[in-house]
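Once you scroll down, you'll see the structures, which are given as structure tokens.
You will see chain A twice below: alongside chain B first, and alongside chain C after that.
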Partner chain A sequence: MEQLLKILQDLHSDIDFDSHTALIDDAVLDSFDIVTIVAEVNENFDVQIPADKIVPENFNSAAALLRLIESLDD
Partner chain B sequence: MINVMEYLDITAEKYPDKVAFCGNSSELNLSLTFRQLRENSRRIASRILSDGFYKEPIVVFMEKSPYAVAANFAAVYSGNLYVTIEREMPRHRIEMIFENLKPRAVICEESTYDLLPDLPNAKTYLYSEAALTEIDESAENALAGVRERAIDTDPVYIVFTSGSTGIPKGITASHRSVIDYIENLSGILGVDDTTVFGNQAPLYVDACLKEVYTTIRNGATSYLISRETFMFPVKLVEFLNSRKINTICWVSSALSMIAGFKTFDTIIPEYLRTVAFGSELFPVKNLNIWKTALPNTRFINLYGPTEATGMSCYYEVNRDFDDSDNSTRIPIGHAFRNTEILLLDKDDNVITADSNTGEAGEICIRGSCLSLGYYNDFAKTAEFFTQNPTVKSYPDLIYRTGDLGSYNDYGELVFHSRKDYQIKHMGYRIELPEIETAACRNEQTALACCIYDNEKGKLILFYTGTCSASELTKYLKVNLPRYMLPNRIIALDEMPFTPNGKIDRVMLYNKYSGS
Partner chain C sequence: MVFTSSEFILFLAAVFVLYYAIPPKRQKALQWKILLAASGFFYYMTGVSNLIYIGVTIVTTYSASLVIGKLLDAQEQFVTKCKNTPDIPKTETKAKIKAYKNQNNKKRLFLLTVCLLINFGLLGIIKVNWLAILGASFYIFRSMSYIIDVHRAKFKPLGNDCIIGGLPKFALFVSFFPLIMQGPITRYNETAPALFGGNRFDFQKVSFGVQRMLWGFFKKLVIADRLNVAVITLCNDPEQYGGIYALLAMLFYAITLYADFTGGIDITIGIGEALGIPIAENFNRPFLSRNIFEYWRRWHITMGTWFKDYLFYPLSVCKPMLKFSGFTRRYFGEVGKRIPVHIVTLVTWFATGIWHGFSWNFIVWGLLNGVVIIISTESEPLYRRFNNRFAFTKTAGYACFEVFRTFWLMCFIRSFDCYIGVRTTLSVHLSIITNFGWKKFTTEGLAGLGLTNADYAIVAAGVVALIAVSCIKTKLNKLKDTTDEVIGVRQWLSGKPLPFRFAVYGTLLFGIIIFGVYGFGYNAQQFIYTRF
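Showing the complex of A and B:
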């Protein structure tokens, strides 16, 4: 989780990603961020997020994103 | 053809009930037919005219939607020029633009009204209200009068781009330059009444002309796709398929995003016959992913500066490019019809395609495509729009792009790099000094230097000062457009300098790539 929070914090150091659960719905993240997050996650976690998993539900919170990463890890 | 309103007059007559523009997000899922588009434009125009505005900048501050296009044309039908502003622009930038324009009339809607800076002397029109104006006989006469007095060198819009001093530059296009562009672009893209566009560009950049004007000229249909849709690649392609979109002209980074996310493993666009890309380098690797997925689709690389109205050069991909070599570049090809490219070396000698030297020079453009220049800035206009050095006996203007290019073995033009610190990031044109100036306006910042990592497409800002990186981020968020926000902000104890006292960008770059 720490590593993921670092990636997100680098993008928006003014957001508390621990508690935010509407990152997409509240337009905190935009398309620039999604590109960066997917690239960073793929690189740092050695996974490949498939296109059909790049959907709002998986990016609304750090926890949801972490669940996605873990599901890909298996 | 003298005025772009003629495009809409003719098409509204020929295809009155065909949908011209359609939004895609849930709230803005509205559409306008060509007849409605023309009617709404003329209704608002008659209001503007009755208030006495003529040949003035009319600010259109609305959401990206078919209504915003109608508001733009309201400015055109009233003999004024339009300037599109969107809410994603930070307030400070909007204020700087207003400072330059001193607009006396603004068209907005309920959702943007409260976001307007104070304009004590400006008339504000609400779209929903102004679009209900009845056109009586005297209004008809006034509208006809505008048309009669129209000259094709009159201005039609102003687009603001990044300025190196921190103040945005207002590039002013004429009816002549827009018509010249749209006539030739329609042919290159093969636009007709069966064309269905999926528009990506916001309406405040000239990239949107590709869809807006070719749609109106040819009786096509454009879906104005929201920014949010571009976040989720599978949804985006599903949308293309559900609307049978067959033509897209997107910034390369949008196409790269789809390729990079391996979207085609899940879904393939079914109807695309023409894919145009441009505004920045498109990696060959990503082009090849698209070509493999869509073997029967035309791919066209477009190149051009806003100062020459839209695009000036094109290359239709007609051979394979090897992506094992990172330095392979897709050419920008040849000039549009009625446009000439002069490749000038540092002594202003022309480098020709058949000289076969591969020598690099500055890309300079001449033709009716040239815009009128920078609004309220004659000095800057004179600096970049200069006399053609090959013509000694009469005035002949060229626009010096500051882009460096050369000819390849096929005689095609290839873009290399910039002469200065202007870059292209996610398709947007950015002067790196504008970001530095904004960072330094923050009182706790001492020095700032911004560099661009071309390979990863990242903006990196180095700074010295007493504020934290997160404080600086917060500050920049309200002072810069989203696309100019640095991807990384790095605090330094000391800024490195070159022996002649300039900030050492090379050392900063090495520092960044080593970290």
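Showing the complex of A and C:
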């Protein structure tokens, strides 16, 4: 989780990613951020997030994103 | 048959009567068939050859998605069967499933690619030859989103349980008459439940739907069709109307396009609402955007999300692009991280340009959007530092400045699609600096553009009404969290005293009847976006 939070903090240092649960719905993350996150996850976790998994439910919170990474890693 | 023609009003009335005349028990079985017949008739009226093109899209997409659905079913059954066989070691089962999935995926991808090639090829032929196949850009995009979503196992395809029975339902999804000419580009899983579920007559929904349609007619007939005369005069003679008149052309085109396109969408969404079928919103007060990112989240929303979901994301996260991303970040550091995204942004905007039309105008328009987005992304740290350094950037006045700046930036970019060619557009831009023509403007003013003073006054009143409605909506929704459902102006109005409400409805209705551009000898003007 720490590694993921660091990736997110690098994008937006002013957001508390630990508690935010509407990152997409509140337009905190835009498409540029999402693609950057996917590339970072690929680089740091060696997990490839496919395009069909890029839906608000998977990117609305750090916890949801972590669940996605874990499920793909499985 | 244009939405604003008298034939369409009669047609719509007939559809409504038939649609709600069906007894509640039979509504689910029959209402969609009425809509299919109505859509077939509506599209037939636009030209017989159009039916052939849409027929190809319907048949190819339906059959390919059906086979893709069957392959997915077979895969699901195989996985369940493997997992329920206890005597095989887990690792062996996993390897077996992986091999099967790979093979299955290859077959599905092949079918999907063939279907995409046929339909985008068809769209390419239509665009390159400027064929007047109305609504092709919209219904092909709607169909392709359907088959990609079936491939992604987002939902089961129509006809999965009954091959013959699914085809007419799919035909309705593709050709639903309010959506066919200029969108919105709806998604199957969002529209289907209400489209095929049967809808009981609900007075409030019908009343809200009719109000929304009236608002659309007002925008189109009172503002867009009137001001369009001046836009045509200004843009067809750039030699005479350069300098300040070029700025006027951009301003008038912004108002006309907004009133025309959002008016058409209001009519579409209003028809849907009155039929009990919710249709995705396509606009969210775009001219109040403070930057280009926000603008494209609020203007032609369903086209933007289509390109994002089916082109931008798949291209950005595909294996070769991730490899390339690894390469650029190793060699170019922080900047390198962003290079692949910028390249995909340009490709996406190039495609968006081509979608609007196969000409340099639209290609330059698309690429210019991409370039401005890239520059804005790269300048973001600078903006952030500037905003943190100066307190005035938090004031309402600065917000207004940002709205004004974005409005004019988009006006300049948009001007590429209203002048005849790229060179003409650039020379018009240049004339604003080299030959502003203030003297000509003070002597001639707005006379000679085809509108009378009364026309300008009506347009001005209409624009005030547009701004007032946008401000009411903004104020209503400021009180709520952004994640809450948006409160509409009609909802707000329904809570007001009866005399006030009827005064508003009456003004709107008589405004259209008295000031609308229509009547004997008048040809209903097609909507601007139907040419895309």
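Everything that follows uses one rule, which is that the second predicted complex is superposed on the first by the 74 of 74 C-alpha atoms of A that agree within 3 Å, B and C clash if a C-alpha of one lies under 4 Å from a C-alpha of the other, contacts with A are read in each partner's own complex, and residues count from 1 in each chain.
Keep this in mind: a contact is a pair of C-beta atoms (placed from the backbone, for glycine too) under 8 Å apart; a residue touches a chain by one contact, two chains touch by 3 or more.
Since the model is a prediction, treat every value here as computed from it, not as a measurement.
Trainee: Is A:43 touching anything from chain B or chain C once the two structures are fitted on A? First, second, both or neither.
Mentor: After superposing on A, A:43 lies in contact with chain C but is clear of chain B.
Trainee: Could you tell me if A:25 is touching chain B, chain C, both of them or neither one (first, second, both, neither)?
Mentor: The answer is second: A:25 touches chain C but not chain B.
Trainee: A:56 in the overlay: touching chain B, chain C, both, or neither? Say first, second, both or neither.
Mentor: first
Trainee: Across the two complexes, find the residues of chain A that touch chain B and also touch chain C.
Mentor: Touching chain B in the first complex and chain C in the second, residues 27, 30-32, 34-36, 38-39, 48-52, 54 of chain A appear in both lists.
Trainee: Considering only the defined contacts, which chain C positions touch chain A in the complex?
Mentor: 152, 154, 293, 297, 308-309, 312-314, 316-319, 322, 325-326, 329, 337-338, 340-341, 344-345, 377, 482-483
Trainee: Okay, in this complex, where on chain A does chain C touch?
Mentor: 22, 25-27, 30-32, 34-36, 38-39, 42-43, 48-52, 54
Trainee: Which of the residues in chain A come into contact with chain B in the complex?
Mentor: Residues in contact with chain B: 10-14, 24, 27, 29-32, 34-36, 38-39, 48-52, 54-56.
Trainee: So in the complex, the part of chain B that touches chain A is made up of which residues?
Mentor: The contact residues of chain B facing chain A are 227-228, 230-235, 253, 257, 260-263, 265-267, 426, 456, 469-470, 473-474, 477, 482-483, 487-489.
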